[in-house]
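Once you scroll down, you'll see the structures, which are given as structure tokens.
First chain A sits with chain B, and in the next complex the same chain sits with chain C.
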Partner chain A sequence: MQSQTETNAGQVLSKNKKWELLKKRMKKNKLIYLMILPGLLYFFVYKYIPMYGLIISFQDYKPYLGITGSEWVGFEHFKRLFADPDFWMIFKNTLVLFGLQLVIFFPVPIILSLMLNEVRSMPLKRSVQTLIYIPHFMSWVIIVSITYVLLTMDGGIVNGLLQQAGFQEVNFLLNPDWFRPMYILQVIWREAGWGTIIFLAAIAAVDAQLYEAAKIDGAGRFRQMWHITLPAIKGVIVILLILKIGDVLELGFEHVYLLLNSSNREVAEIFDTYVYTAGLKQGQFSYSTAVGFFKGLVGLVLVVIANWLAKKAGEEGVY
Partner chain B sequence: MIEDKTAGGRLFTVVNITLLLLFALLCILPFMHVIAGSFTTSAELAEKKFVIFPTNWSIDAYKYIFSTDTIFRALLVSIFVTAGGTLWSMLLSVLTGYGMSRKDLPGRRVIMFFIVFTLLFNGGMIPTFLVVQQTGLLNSLLALVIPVSINAFNMIILKTFFQNLPASLEESARMDGCNDFGILFRIVIPCSMPAIATISLFYAVTYWNTYMHAILYLEDASKWPVQVLLRQIVVLASGMNYDGSTYMDVPPPEQSVKMAVIVVATIPVLLVYPFLQKHFAKGALLGSVKG
Partner chain C sequence: MKIKRTAAVFCLIGVVSAACSNNNESASNEENGGSGTIEIMSNLHTPEVPEPLIEEKVEEQTGVDLSINWVPDNNYNDRLNTAFSTGTLPDVVYVNFNHYNQFKDAIRDGQFWEIGPYLDEYENLSKLKDNVLDNSRVDGKLYALYQGRPLSRQGLIYRKDWAEQLGLDGPPETTEEFFEYAKAFTEQDPDQDGQDDTIGLTDREDLVYGAFKTVSSWFGTPNDWGVQDGEIRPEFMFPEYMDTMKFFRRLYENSYINQDFPVTSKSDQQDMFKNGTAGLYVGSMGDVGSLYNDAKNINPDVEYDVHNRVKGPDGEYGIWSIPGFGSLQLFPKSAVETEQELHKILGFFDRLMTAETANLISWGIKGEHYTVEDGKAVMTQDSQKFDREVKPYQSLEIGEPATNGSYQLKAEYPPKAKSEELNRDNEDFLIEDPTLTLDSETYLQKGTRLQQGINDATYNFILGELDEEGFQQAIETWRNNGGNQIIEEYTQSYEESQ
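Right after this comes the complex of A and B.
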């Protein structure tokens, strides 16, 4: 009995001691806390307060009443959202663009880096890399503006060439059928080259002896690619795939908004552009917040699932 | 690596290189066409359609766009926001990144999660807009900077870089009686110039390219950065507008004028690109590795 009390006392003592140690360490780091304070304040004010602000999606938010004064309406806005035919249009458009990103865009940087890896001449390889990274640093406004200048029906080069070749002019910019091809081609133009960086780095880490051994065994270039290079970058591919899936609903507000017009709206309107128009242009703050909230939650759930699946498959996740 | 000497191997090399060069060309051809077109007379552009080397040089398009002070003002705004924003973002990112790189900091994991979580979930456009409004930034150029003070990815790149510096550097400075700020500014920053240059250029390009925040937070057309003006001139003046309204009362600007505006908005990025390129591959890589 007595020994038990003694142990307890010992535990209390060591707990106190730990606490003392922690306090000492925190005190030693007080200048470090001071350093990170402005940064944390930024994240708190502009990232976490907006998360708290999501509660206006359960209110009938009026700017002059504020969050504390506005009336609560429960799930009213979400009910309206799911009943709105526009919602399913946006949902479909978002899914289609995401599908295009995954099926058409995602493999391009992988293929490009496999091709680059086969280039033996270093100067040539570097020149190609230099050129294909450039578009990544251009804003979407520039990318879309150049597209407009090239594709416009009054004086654009593409329609000019079509006409010269005896074809009919095509109104690429207004025709809804051309929106999706245009979107994905612009994504490839801007991001495919840049996307190779991470794969090339993963490839560079492959042990050269593996290739030598494969060559002695008589494996050709495609066999080497398939059995050595691809397995070596599998981990990176999986991580990027998870990040992409987490971004399922982040298709780029700027990009889509810049392409959007009244005649391609049925295929081009996505969650972000819809939130912008309904919320800021038409002043339906609560409703559009509900739309954004729904989108954010779906994204969060998807990234958690994708991460879990990757870990199950024996890969490293992103967190 | 042993060179592949078979016929199939050589054919593969030729096809591979041709395809890569073709892709590289496709990436930059539009830029070249636009740059050349901006220095051409509209007549030549209309006649020859595709111009890479103009036969009739002309700077009329540039004279035209600089005939009013609209574009000057937009350029000034963009330069101001880029310079100020980059300085501000670097200051906050370096301070936070260095703090988070200190492994002995109690609560480091929790704080890191606090930051990384914002990459997975956020309040979205409207709640953020309301915070910007309540913090009094609406219709001020500060709205293009303060709400995006730190890019968590950039901060993590810096943190990773700081972590990999030899610990002996800091220890010797501490012996000499430096406090944490002294270590950061006298030892860590001078030793991290490649990383700091890269991230500064990343921030600068982002601020130069800012568009969404300007249309979200700025009402006053005199405060527009160059990207918003570019959009206005090229896209909206083509007679297309999201709400279906057109600007047909004003004749749409000629192709070469539009191209000149695109060039003005592009050139600064192309000018810093060679500097950027020296380091960014490493930077982009560090960022993609988890902190």
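Right after this comes the complex of A and C.
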């Protein structure tokens, strides 16, 4: 409601007046405005100032010459990126993994929280919650190592069982077809439990009277879930979804790099791993920065689109 | 899989804390009127940073305060790049020999001290081998000291007891015999337990230090680059490379090699050899010592032997070599500001090359970490203590026993002693990399990435995912994306150097 009146007011007032209004308000609520200062400072120092470094993506950066001394090369590094024969492969792989995260991973914590919400025995619910949080605290190295031990063809348990059951052995680790399932299953195993926290909190905030009323009207468990719980947490879901899209960049360098090998590179190479092997490992700082810059732009575009769609659908966006 | 990464992470934590403690030390030293500290960044080959005992002794002997930044070997190159890009290089930088090329640009730009003219002023530094120093020259000038390493330690370690059990006569003399060994070790139940649970060769996700490159030398493949028709060409354009791939493909198809070798870590690879799964190990022959130490705890009857001379189909021996140094020491002008400071550092390294100090960093304290027998060093039985207190400092070594006068190792375990002999024997048929002192700008820019395409194709060929034509296509891709330029640049540089 409040935001609506504000925008109405904004339309009526001229720009100048708006500014004066803001000043007035700031004066009135000095302390409250002061409280956002540390946050702003944080973003300025750690997010905006480092952007200065993006300059080197337009230079032939030499560490000993510095930013001021290095030669300018314009869009040279971007041209090199787009001309790389692997560019589209990497672009596609990044988007596919992102799509998997969005379509397969994202709903899992929601479903999990809905299920947990229906558990009536508190001790059981608590212990399940705790158990599914634990994987979040394991590093990818451990998770990938465990997967390797289970799936290897040189004495791995899974292949042992397959063989005993009379099936062919499957080369999970080297077959490119298995990379994506493996990736997304590991992500679900590690993060699904952790992801339920926010949804459970949102569910806990739903007015209990609504359920009572629904029960009196004869709604069963599923009806309650569908007509009360889900609509109530829709806003949270949308916001998390947009934030998730903003994370298209963060597919987990560590995770993918650990899974990456010579025979699955065609599906597993993403921008992060490319930056590492083609850029940093060879000391190609400018090129690495250019690739990272491009990746950032892709993320930005996706977030803007997602936010726009959310607003179209009548939800509140992130800005 | 890459368990070594965990180790690396833990090491990093160690490094950070060590760096802190070192800083405190140097700070207090300066308060006491010390003459300034020499900061060194070097590779750490053990999981933990060493205890400072040896460092203190070295400081005592040389009269210099040291501050050593230990960086785990696994991500040393990355860390060095970071230090370089942020302008925080220490006084002395240890650069791995295969990473040196990246610094040539900066060297030409005058970022590092040229030390050639000063070496003769130092009694011990002047003993460094000229032919090894030459391999590090940039445009004919000398910028680095070196840490000596045998030219080639590559060869075969195998289960002698298995071979005898199966009536295989002597070590494999040819690549075909090697194949027969792998076959027999897989199919004929060499451990006599009535189960089909053994394989021939154990390999790992490394085409260079794993088995592949060494076997490719047996086949006569050039070392990274070869000269053909007056042109410098990459190894994978030579037919011997293809022969090697086919050889591995046969091993793979018949399951004579671990089926997951493209993702197997070094520790897993070695475990297979230690626990009696595999009977052939191709790599650094000196590893036989540490392999045996662990293996005898699993099976006291295990017998290993080492072997180096394996003939290829052409009947010739061959083994790839490194330039004679493991790492080079550069002195950045950003940290070493005056000639006076440079002389102080060179003086320190000169001292490090006296027998007394060289033994200290190689073997530790006499009586505590080693004893001397027949003019050779015998390591303490407590290898954990040795690893904890001494081993990391070995990476600081300058020169080699022949020039710095440190003791050679007297190995208790006969195959280990034999491996030292075979390292020298290897020098009779070395295959050298002709591009060591040549330059290619394109290679520096794109070389690693391009090589990755070839590595992928090599693995996929061995796994049967790619045929000969597919591999030729990979070469075409390599050529069209910069490979042709690399060949051109190297060839030009080669002609100029002739």
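In this section, the second predicted complex is superposed on the first by the 254 of 319 C-alpha atoms of A that agree within 3 Å, B and C clash if a C-alpha of one lies under 4 Å from a C-alpha of the other, contacts with A are read in each partner's own complex, and residues count from 1 in each chain.
Assume contacts are C-beta pairs under 8 Å (C-beta built on N, C-alpha and C of every residue); 3 or more make two chains touch, one makes a residue touch a chain.
Keep in mind the model is a prediction, meaning the values are calculated, not measured.
In the superposition on chain A, contact of A:S262 is made with both chain B and chain C.
Shared-chain residue A:I198: touches chain B; no touch with chain C. After overlaying the two complexes on the shared chain, residue contacts for A:N171 are found with chain C alone; chain B is out of touch. Of the two partner chains, chain C is the only one touched by A:G283; chain B is not.
Once the two complexes are overlaid on the shared chain, A:I305 sits clear of chain B and of chain C alike. By the touch criterion stated above, A:Y211 is placed in contact with chain B alone, chain C being left untouched. Looking at the shared chain after the overlay, A:L40 reaches chain B, while chain C stays out of its contact range. Between chain B and chain C, B contacts the larger number of chain A residues. Contact with both chain B and chain C is seen for A:V141 once the two complexes are overlaid on the shared chain. In the superposition on chain A, contact of A:P85 is made with chain C only, not with chain B. 139, 141-142, 144-145, 147-148, 152, 154-155, 173-174, 258, 261-262, 277, 280, 285 are the residues of chain A that lie in the contact sets of both chain B and chain C, per the superposition on chain A. Chain C makes touch with chain A in their complex at residues 1-3, 5-6, 9, 77-78, 81, 84-87, 102, 105-106, 109, 111, 199, 205, 258-260, 262-264, 272, 277, 334, 444-449, 452, 455-456, 458-460, 463, 465, 477, 481. Contact residues on chain A toward chain C in their complex (touch as defined above): 62-66, 84-85, 139, 141-142, 144-145, 147-148, 152-155, 171, 173-174, 258, 261-263, 265, 277-278, 280-285.
Chain B meets chain A in the complex at residues 1-4, 8-9, 12-13, 16-17, 19-21, 23-28, 30-31, 33-34, 37, 45-46, 49-50, 92-93, 95-96, 98-100, 102, 104-106, 111, 114-116, 118, 120-132, 135, 146-150, 155, 179-181, 184, 205, 208-212, 216, 227-228, 230-231, 234-235, 238, 240-244, 252, 254-255, 258-259, 261-262, 265-266, 269-270, 273, 276-277, 280-281, 284-285, 288, 290. By the touch criterion given at the top, residues 22, 25-26, 29, 31-33, 35-36, 38-40, 42-43, 45-54, 56, 112, 115-116, 118-120, 124, 127-128, 130-135, 137-142, 144-150, 152, 154-157, 160-161, 164, 173-174, 189, 192-194, 197-198, 201, 208, 211-212, 215, 220-221, 239, 246, 253-254, 257-258, 260-262, 272, 275-277, 279-280, 285, 288-289, 292-293, 295-296, 299-300, 303, 318-319 of chain A touch chain B in their complex.
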